[in-house]
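In the two complexes that follow, subunit A is the common piece, with subunit B as its partner first and subunit C second.
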Partner chain A sequence: MENILECRALTKTYGYRTALSNLDIAIPRGRIVGLLGPNGSGKTTLIKLACGLLTPTAGQILIDGKAPGLESKAIVSYLPERSYLNNWMCIQELIRFFQDFYQDFQPEVAYDMLQRLNIDPRDRLKNLSKGTKEKVQLILVMSRRAQLYLLDEPIGGVDPATRDYILHTIIGNYNENSTVILSTHLIADVEQILDDVIFLSNGKILMASPVDEIRERQGKSVDDLFREVFKC
Partner chain B sequence: MEWTFQPDRPIYAQLVEQIQLGIVSGRYPAGSRLPSVRELAAEASVNPNTMQKALAELERSGLLHTQRTSGRFITEDQEMIETVRNNLAYEQIHKFLENMRKLGFDPAETMALMEKAAKEEY
Partner chain C sequence: MLRKLLKYELKATARTFLPLYGCLILFAVINRVFVAIQDRTEHFSFFFGVSLTSYIFLIVAIFALTVFVMIQRFYKSLLGDEGYLMFTLPTTPGKLILSKLIISIFWVVVSIAITGFSIMILAMSTGFWQAMGQLFQALGLYFREYFSFADVSVLTSFLFLGLCGLTYLILSVYCAIAVGHSFKQHRAIGSVGAYLVICLISQVATTLCVQMGGFFTTRLPSLEHLLLYEKYGISLFLLFFAVMYLIFAAVCYVVTQQLLSKRLNLA
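After this line comes the complex of A and B, so read on.
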């Protein structure tokens, strides 16, 4: 299967509100894709649909050619916007927890990243700062050998040095078989690590293009283009 | 090497230029092996596919060549490296002349100023 993620006329409504409307997307393997858009444009809804946490109102979303389910969860690593981890657990326990849940989890990778970021594995989650909690969660997600990483705002809450480290981790983790989709507002920070960007606006695709094509055609960065398109 | 990127041009094109600069400045010596795509991408903090595209472009121009199993090498053709060096110099000069024109100096006036400034440096 060439495309790791495909949406066909994907629509999601919450009551009278349309979150995503008639989306067609095809994302191949081996890409790093930025999901960009203002607040409420449908980024998180799209990611949740891909994880199987939400079901489409109409249309289809396919992971490696199949609807989200048990099989897709084994190959998708998801970083939610909010933490779902148990606050009373210490990091070591969380690592064992992930090892139990995911066959592709690599504890040695997790311990290595913890060390690089000076985080003590014996610490309990509830005693950590907000930023450190986010780091731990991202470490757990990136320590899987998944085929699709769905990262909802992975760098929003961390300091610039950690941001660099995270972006390096994403690049270092790159292989032709896996794709990373990340949503963010911090476009300038991630722009140079992205292959493609998808601009969402009011649940529709405003633009889907390789980063260098935008720079070539528009003579400006994706960040500048975003500010122009979504000017308030 | 410091990798920096301007916002108004494709990243791969800027990678091509900066690697060219690395070659003419001797940071990547003629005939030597270039680091892998992965290493270079990590060093420059760019997408590996973008780095791959830049290296492919440099290969097309002949500045790099691939040896099937052992990686990418910089050309040993000194003449070619010299040509690239001159091209890069011309680009800088044209940019400079353009900026001087914006300040209201024609090329002759710019030359005169240049000579004065060069003397003052020593």
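After this line comes the complex of A and C, so read on.
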């Protein structure tokens, strides 16, 4: 399948509130895509739909041509915004857990990254600081050789040095045929690693374009464009 | 995949249960020591009272905890934050449900066994073991002389009925939680309401089944004779209910599985 992620007239409503409205997207393989938008624009909803954690109200979302299910979950690596791992487990146990369930998980990569960040694999999650926990979650997600990485606000709650490391990890660890979709509102930081951007506002796509085009045609950085487009 | 889920589920729940079981056995031993002391002296009766009360409290706590953990493992672990982990694993919702069901059944059985074992420790004394020895001898004699296949089948049917009933009980709770989850708001209350509805429906269905069973029995004299006069009759009677509960359980399973596959909306 050419496109790793496709949305066709995708709509998601929560009662009277529309989170996503008639979305049409086609994201090919091998791209790093930024899903950008203010809070409440539908970024997390779109990502959760792709993971199968939400069901569409209307329309379709396809991963590698199939609806989210058993097969898509094996090729999608998801990093939620929240803390979703068991606090009582230690990092080693988590690595074994991921290794058990995911064929594409590479424990050597995980241990290597932990060592570089001076994180002891024997520590229990509940004893770690919030920033360290986020790093561990990211390490686990990026240690998989997935075809689609969905990272929801991966750099939200961490210091600038850690942000740099996380971005460095993302581009260092994905292979050319994989696609990384990361949602964020810290655009200035991620801009340098993005190939394409999608601007979401109130559940609709305002703009979808390669980053180079924005810089060449409009002569501004993505961050500047974002501030312009989403001016309050 | 199911085996991995079972392994993980067991690990996650064992850390809650095993320490409690340990405490229970410990208190059984302590109480047994106190019983021996009480035989000889009136002193320490206060401590004995305290430890005996603690022991009984522990038994109640273990059973309450078994029920609580059963609900929590489904509600919190599948539909709370951990659901983000469980539902993105390359497995089906059906296997997730099954893994939690099997481990819940496991802990209920173990809780009953450990409680029985602790009571045995408590009651243990030289006289007790003698009595137990005599009891087993007598049972052995009885089995050898009077035991028939029918007795085995009654016992097996009874245990099978217990198992089916337990399975249905657990799955009905899961089903109620899943139904509540499919509401957009007031999910917790929705679950409670759904559980009441499920109970109501199963009561009606049970009555219908019993009526139908009675109807067919009166129409088939050979069956009626079998049920009333033969030992096998009791087994058949028990099996009837076991199968009925199994069907109820299957319905709950299918509803839960469909809801979690087609209408999952993790907050």
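By our rule, the second predicted complex is superposed on the first by the 231 of 232 C-alpha atoms of A that agree within 3 Å, B and C clash if a C-alpha of one lies under 4 Å from a C-alpha of the other, contacts with A are read in each partner's own complex, and residues count from 1 in each chain.
Please note the rule applied: a contact is a pair of C-beta atoms (placed from the backbone, for glycine too) under 8 Å apart; a residue touches a chain by one contact, two chains touch by 3 or more.
Predicted, not measured: the structure shown is a model, and the values here were computed from it.
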Subunit B and subunit C placed together on subunit A: clash or fit? fit
Once chain A of both complexes is superposed, is A:Tyr149 in touch with subunit B (first), subunit C (second), both, or neither? neither
Taking the superposition as given, does A:Phe199 touch the first partner, subunit B, the second, subunit C, both, or neither?
neither
First, second, both or neither for A:His168, with subunit B first and subunit C second: first
| request: Quick one: classify A:Leu70 as touching subunit B (first), subunit C (second), both or neither. | output: second
Between subunit B and subunit C, whom does A:Phe105 touch in the aligned arrangement: first, second, both, or neither? neither
For apex subunit A with the CA centres of subunit B and subunit C, the angle to the nearest 10 degrees sits at 160
Practice prompt. Classify the contacts of A:Cys51 with the two partner chains as first (subunit B alone), second (subunit C alone), both, or neither.
Written response: second
Item to check | subunit B versus subunit C as contact partner of A:Leu85, first or second or both or neither | outcome: second
Practice item. Could you tell me if A:Phe226 is touching subunit B, subunit C, both of them or neither one (first, second, both, neither)? Key: neither
In the overlay, subunit B and subunit C get no closer at Cα level (Å) than 28
Touching subunit A in the complex, subunit C uses residues 1, 4, 7-8, 12, 15, 81-85, 87-92, 184-185, 262-266
Residue positions on subunit A within touch of subunit C in the complex are 14-15, 48, 51-55, 70-71, 73-74, 76, 78, 80, 82-86, 88, 97, 100-102
Per the touch rule, the subunit B residues reaching subunit A in their complex are 5, 7-13, 38, 41-42, 45-50, 53
Interface with subunit B, subunit A side, in the complex: residues 30-32, 164, 167-168, 171-172, 174, 192-195, 211-213, 215-216, 219-221, 223-224
